[in-house]
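When the chains are written out, they are named A, B, C, D, E and F in that same order, and each has its own residue count from 1.
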Amino acid sequence: MELLTINNVWMMICTALVFFMHLGFSFLEIGLTRQKNTINILFKNFFVITAGLIIYCLIGFNLMYPGEWIIDGVLGKIVPGLDAAAAADLSYNEGYTYWTDFLFQGMFAATAATIISGAVAERIKINSFILIAILYVTIVYPIVGSWHWGTGFFYDLGFYDFAGSTLVHSVGGWGALVVIYFLGARKGKFDENGNPLAITGSNIPLSAAGVLILWLGWFGFNGGSVLSADPSLTSLTLVTTCLAAAAGGIGAAVLSRVLYNNLDLTMFMNGVLGGLVGITAGADQMLPTSAIFIGLIAGGIVVLSVALLDKCKLDDPVGAIPVHLFCGIWGTLAVGIFGEMAGFDQFMIQLACVGITGVFCIILGTIITLFVRAVAGLRVDEKEEVQGLDIAEHGTRAYGDFRVN
Amino acid sequence: MKKIEAIIRKSRFSDVKKALHSVEVNFFSYWDVTGVGNEKVGHVYRGVTYSTADIQRRFLSIVVSEPFVEKTINAILESAYTGEVGDGKIFVLPVEEAYRIRTKETGKTSLN
Amino acid sequence: MELLTINNVWMMICTALVFFMHLGFSFLEIGLTRQKNTINILFKNFFVITAGLIIYCLIGFNLMYPGEWIIDGVLGKIVPGLDAAAAADLSYNEGYTYWTDFLFQGMFAATAATIISGAVAERIKINSFILIAILYVTIVYPIVGSWHWGTGFFYDLGFYDFAGSTLVHSVGGWGALVVIYFLGARKGKFDENGNPLAITGSNIPLSAAGVLILWLGWFGFNGGSVLSADPSLTSLTLVTTCLAAAAGGIGAAVLSRVLYNNLDLTMFMNGVLGGLVGITAGADQMLPTSAIFIGLIAGGIVVLSVALLDKCKLDDPVGAIPVHLFCGIWGTLAVGIFGEMAGFDQFMIQLACVGITGVFCIILGTIITLFVRAVAGLRVDEKEEVQGLDIAEHGTRAYGDFRVN
Amino acid sequence: MELLTINNVWMMICTALVFFMHLGFSFLEIGLTRQKNTINILFKNFFVITAGLIIYCLIGFNLMYPGEWIIDGVLGKIVPGLDAAAAADLSYNEGYTYWTDFLFQGMFAATAATIISGAVAERIKINSFILIAILYVTIVYPIVGSWHWGTGFFYDLGFYDFAGSTLVHSVGGWGALVVIYFLGARKGKFDENGNPLAITGSNIPLSAAGVLILWLGWFGFNGGSVLSADPSLTSLTLVTTCLAAAAGGIGAAVLSRVLYNNLDLTMFMNGVLGGLVGITAGADQMLPTSAIFIGLIAGGIVVLSVALLDKCKLDDPVGAIPVHLFCGIWGTLAVGIFGEMAGFDQFMIQLACVGITGVFCIILGTIITLFVRAVAGLRVDEKEEVQGLDIAEHGTRAYGDFRVN
Amino acid sequence: MKKIEAIIRKSRFSDVKKALHSVEVNFFSYWDVTGVGNEKVGHVYRGVTYSTADIQRRFLSIVVSEPFVEKTINAILESAYTGEVGDGKIFVLPVEEAYRIRTKETGKTSLN
Amino acid sequence: MKKIEAIIRKSRFSDVKKALHSVEVNFFSYWDVTGVGNEKVGHVYRGVTYSTADIQRRFLSIVVSEPFVEKTINAILESAYTGEVGDGKIFVLPVEEAYRIRTKETGKTSLN
């Protein structure tokens, strides 16, 4: 009883911290985009958090942790709603109550959609985004999640993803990649000759705050993924998480200094996030030194993949894909390279599951995107884009009293 | 020398800028102003719907020598045009003298 | 001992979260008002938090949890200061220590005054506000609180208000209503014909952040009101709290979309807060579905009552009254409609106590306001209001480097 | 085992809160300075947090808690890296695991450097700052720390500094004082005749948020310094901490109202911080009333020392020295005046150790600063300073879309 | 045609706007400027008291045809007046030509 | 009366202001504009390096009576000078009339 109480307290705190990450994402996104689209982005985030939670309550939770399988280990049976009876039984789990379990997982669910929200900012039709987000959170996220955390076939394969480098971040990242591919770049992101131009963020301080808030949230994201308050596991996890974040930032800052001879704060920030995503798959498996390595490499990946996306004419205003997709993949593979599970077989398993996830997300993501494009269209018309979505879709400005460019 | 003041839609600015460059007018200053005129736009805030004639516009100040006046004006007339109420205005004012601070030179050579 | 330690840890965390709500309120208020009054609003909030805590330490705590009654169940005996002796005794309560108890309650106390601060923003004399806030927190809040949480006559009646829909939010809301009634609307809020005009917020991103911070704070506000770390109660409370918040936002967003054909972020935000206030009275009594219903309705109430206040020529810049008063009443009544205590008798009790609270707050609020108006006046002169209170009362600007309208 | 788990949970939460203080510092600093240097300040803070943590992992931790001494009680033996073996042993401490211990201390370490970062803002060369910060965190902070928390000679003397009024805040403050002495004031801070001019902050709302976030962080900074979740000690600590913060704010606000006949929010804010720093040395020793006294006096010290620095032509844009140095000294001495340890002998011990710390920090700070000045120079050239460091050193603006002065 | 430049107190703007409308001048552009002049205002910041002559003002640019010049000026003189130092200034400049971008029309018909 | 429009570097503003005061020109209005001209500055953002000719500048509007025109211009020419591309321009425009709102006085006495 005492132990359950302690564990549950820890899990509830972690839940609160993961919830708080949504403020981090919101700040990060509105800071790295133009002020004329700020309200639109915030509206999207508020929608994702609120609707995401309700949907996860109605469907997602059971789809992700299936009592029974329709296709064994691949697709769970849908049992809508929460189960108050199960909740009453405190022997549900010694680490947390049923309610805590739901809420903690529910906070995770919205994250995947939020990752997409950042990448498609400043040009997507809000209704289309809402549709995409709902479908993605209702279908793709819980199904992939069930493969591992729902003890599906990833689990049987021996795949390891501690807190979701693949199951949460890559899943969101793949979705983002697919949608921006069909959506196209923002007007003014590439010149006639296809060279990338700079569309500078409107409020870097909020972005910086967002990154620190996300780092704080990761105390809960990874710390809570221990699923109990086990002293050594939780504290080790926090240490590796923080060291990887720190190393990620340093890695990105140094590399962009070297490549572009510039002390680039936004790269520093994305590097921290890259480090966090990178350690997420193996946070409980690593020693401090390995965590630092994983972070450093993640930081480098961020800087290089930002440039890569520019080369590919893909427009990701907030760097969601470098951070969540590429570092998510890196982190998942790193479990096979560093730490207690390191080994060739493990590496191949990690690689295989990364691949399967990618294929699945790309296929379903494409279907969803094309479906939405067919029924509602994806992109606002050029006039609205130039004017800004705040006035066009929400009838008001984000910084009413301020003179803006 | 003349001073050409153009008040245009912010959304047309990049095209206007291109048009000016295409007639070798690469020298001007601009800032944002609020314009009052025929155009009205509607807003909604916390359930209150209202329409305002105070619209954000861009103000261009371009000093050119006589030979440039006409093509400058035409360039703006073309590039700032949408046909809807609110396209803006162009005004021409006389300028008696001009100086380039860097070189102290005066007259039309100082303009570019 | 272990159990006390766990419970106390949880209560201290909840205390910290409730404290953090003050940042949420500050952000919400300065974002929905004009930049020229920002410093003034922040000054008021800082005063409320700091002075509120000290006053509660000197008087409020004992007045709210009376050892003895002057008028039995209605007015407690005032014993100034804290009681270090009582604090030493760890058997004080198995859920928390004396110190934790004081601090948790102290953080609540300031909230009531903060609610007023939002509604009177941009036009009240700061000294007058300070006076009103002090009197309200010293007298009205603890007395009403004592009726229920101090086991006064509300308690004997069988009234139920889990975390303070009535005792905290309505009490603050009633106060706000009374003060703005006497204070009058901001210049420019209504035209000659009394039609409402829009005075748009100056920094919506900060308001949005404020709402998410308040939501986070509610983890402690409601979670801590369990007064122990009881696993099932606390976690159920967090689930109902979050679902109601989510539903409140959705409800308000949808209704304002329907009524005004606009995707209004500030309504979405107020809706979330309405849902939170609405669930507060019965957060530990509801099932997820009931929580969602309560939230949806609260969201609707917010949208409608914002319009209602406009009709009544009452000017509440931040929507404090729709959120805290109307949703507070709704939430209190909802305990008689949904959840385990639902029933006609309970409903009537809830109704009665809501009424009594209203009458009491209106009467004392009026006395306090008229008294302050008599001694210090309520409103800044028109010149100061046009110029903005930051320059007029604080001699400096909030956003010194920025060009503003 | 249960007890360790509880204690460790509390310590991990406190660690997270102390980490979060870095957002508080960042907001405070960028809000009180000009927008043209915002990115530069954020970059410095990000560097301090990330590099600070890694350095502390590689060297600092062992230097501060030496297994063996080189000079007994004065200088510890350096054993680089963390010790996974020690970590495995859960009997390491009944209050926390080895990992938690490291992370909690690591979060503290960066604080000292952050204090310097605020004082030198808007004119220091970033590379020079980085060098100074690294050297200070690697050498000065852990050595002084070892004298007391590493059970060095301060400890043997009977010195008492609960959470670091001297060991953290004064150490940072002394460093700040030395560096700004050599660095000189910002262009435009003093006129020809040496009279101070006002360089107003660019974003006071963020500063205010920073202060509230720092206050929240202090729940962990002081609460965690109990090094266990002991119910009465932790909760008493939070009560004294909050009351001192509140009193500090009130004290500063009232005094600046009296002296300058102005309701000065930034003084109010600094006063709150002064109160927090002031109580830090004896937070577990004081009764509420003493805490309020200590806070009030700290608030007064802040207001007076801000003026004092102006008199001395020292330019501290964010008030780091009044808050961290002067209030840190006050708080340390207060342990000998108020609370359970009060007494003349104790006071003399406190005084002696404050003095020794000052001398040591000034000497090493001077050596470090002069060294860095020799190798890299301290100050950006005037053109860069006028243009702003964001464009000059980082090639971009913080508020890209906004019209600024 | 003349260009009327008026520099007024921000606090008087709404009244000035009303006054202009009442004389059928519904077309102008405005922006905020910092003014240096006789007026000084005092500030306090972190214990430093200082007074500055740099005061935020609103700058109106109104191009009108001759018949409107006088009533426009009078409307501003009345509505912007407080009697205290700092009420501002009005300047009149010649305008040689005006164009309405939407219709390409020129001359005074293009003004409104 | 003449209107002197000066477009200068923001970094030179405080010196220019001093220089103007030293020739008793204590009355003007200024605001920030974006200038397009010969000067280019380089930026880096998220790995994209780019150079822009759109540079923030300060725009001064000073109406003076004839006797002041020359010394005002000289004061600016001196104080705004750095010698590098981008020092800015000065333009002189005719002003037909001026009013001081506070006193209704007109002509050059209204200027200061």
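Assume contacts are C-beta pairs under 8 Å (C-beta built on N, C-alpha and C of every residue); 3 or more make two chains touch, one makes a residue touch a chain.
As the structure is a computational prediction, the values presented were derived from the model and not from experiment.
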item: Chains contacting each of chain B and chain D, listed by label; value: A, C, E, F
item: Identified repeat of the D-E interface (over half of residue pairs identical), from A-F, A-B or C-E; value: A-F
item: Approximate Å spacing (C-alpha centroids) for the pair chain D, chain F; value: 44
item: Whole-Å gap separating chain E and chain F, where each centre is the average of the chain's CA atoms; value: 19
item: Approximate Å spacing (C-alpha centroids) for the pair chain B, chain C; value: 50
item: Chain A, residues touching no fewer than two other chains; value: 2, 6, 9, 13, 200, 203, 262, 264, 395-396, 399, 402-405
item: Chain E, residues touching no fewer than two other chains; value: 31-32, 43-45, 93-94
item: Contact graph of the chains (line, ring, star, complete, other); value: other
item: Chain pairs in mutual contact under the definition given at the outset; value: A-B, A-C, A-D, A-F, B-C, B-E, B-F, C-D, C-E, D-E, D-F, E-F
item: Chain F-touching residues of chain B, taken from the complex the two chains share; value: 1, 3, 17, 26-31, 61, 63, 93-102, 104, 110-112
item: Residue ranges of chain F touching chain A (in the complex, touch as defined); value: 43-50
item: Chain A-facing residues of chain D, complex; value: 2, 4-6, 8-9, 12-13, 15-16, 19-20, 22-23, 26-27, 30, 38-39, 42-43, 46-47, 49-51, 53-54, 57, 81-82, 84, 87-88, 90, 96-100, 102-103, 106, 126, 203, 206, 393-403
item: Of all residues in chain C, those that touch chain B in their complex; value: 196-198, 200, 256, 259-262, 264, 266-267, 303, 306-307, 310, 319
item: Residue ranges of chain A touching chain D (in the complex, touch as defined); value: 2-3, 6-7, 9-10, 13, 17, 34-36, 200-205, 208-209, 212-213, 215-216, 219, 223, 229-232, 234-236, 238-239, 242-243, 245-247, 249-250, 253, 262-265, 268-269, 272, 287-289, 292, 399, 402-405
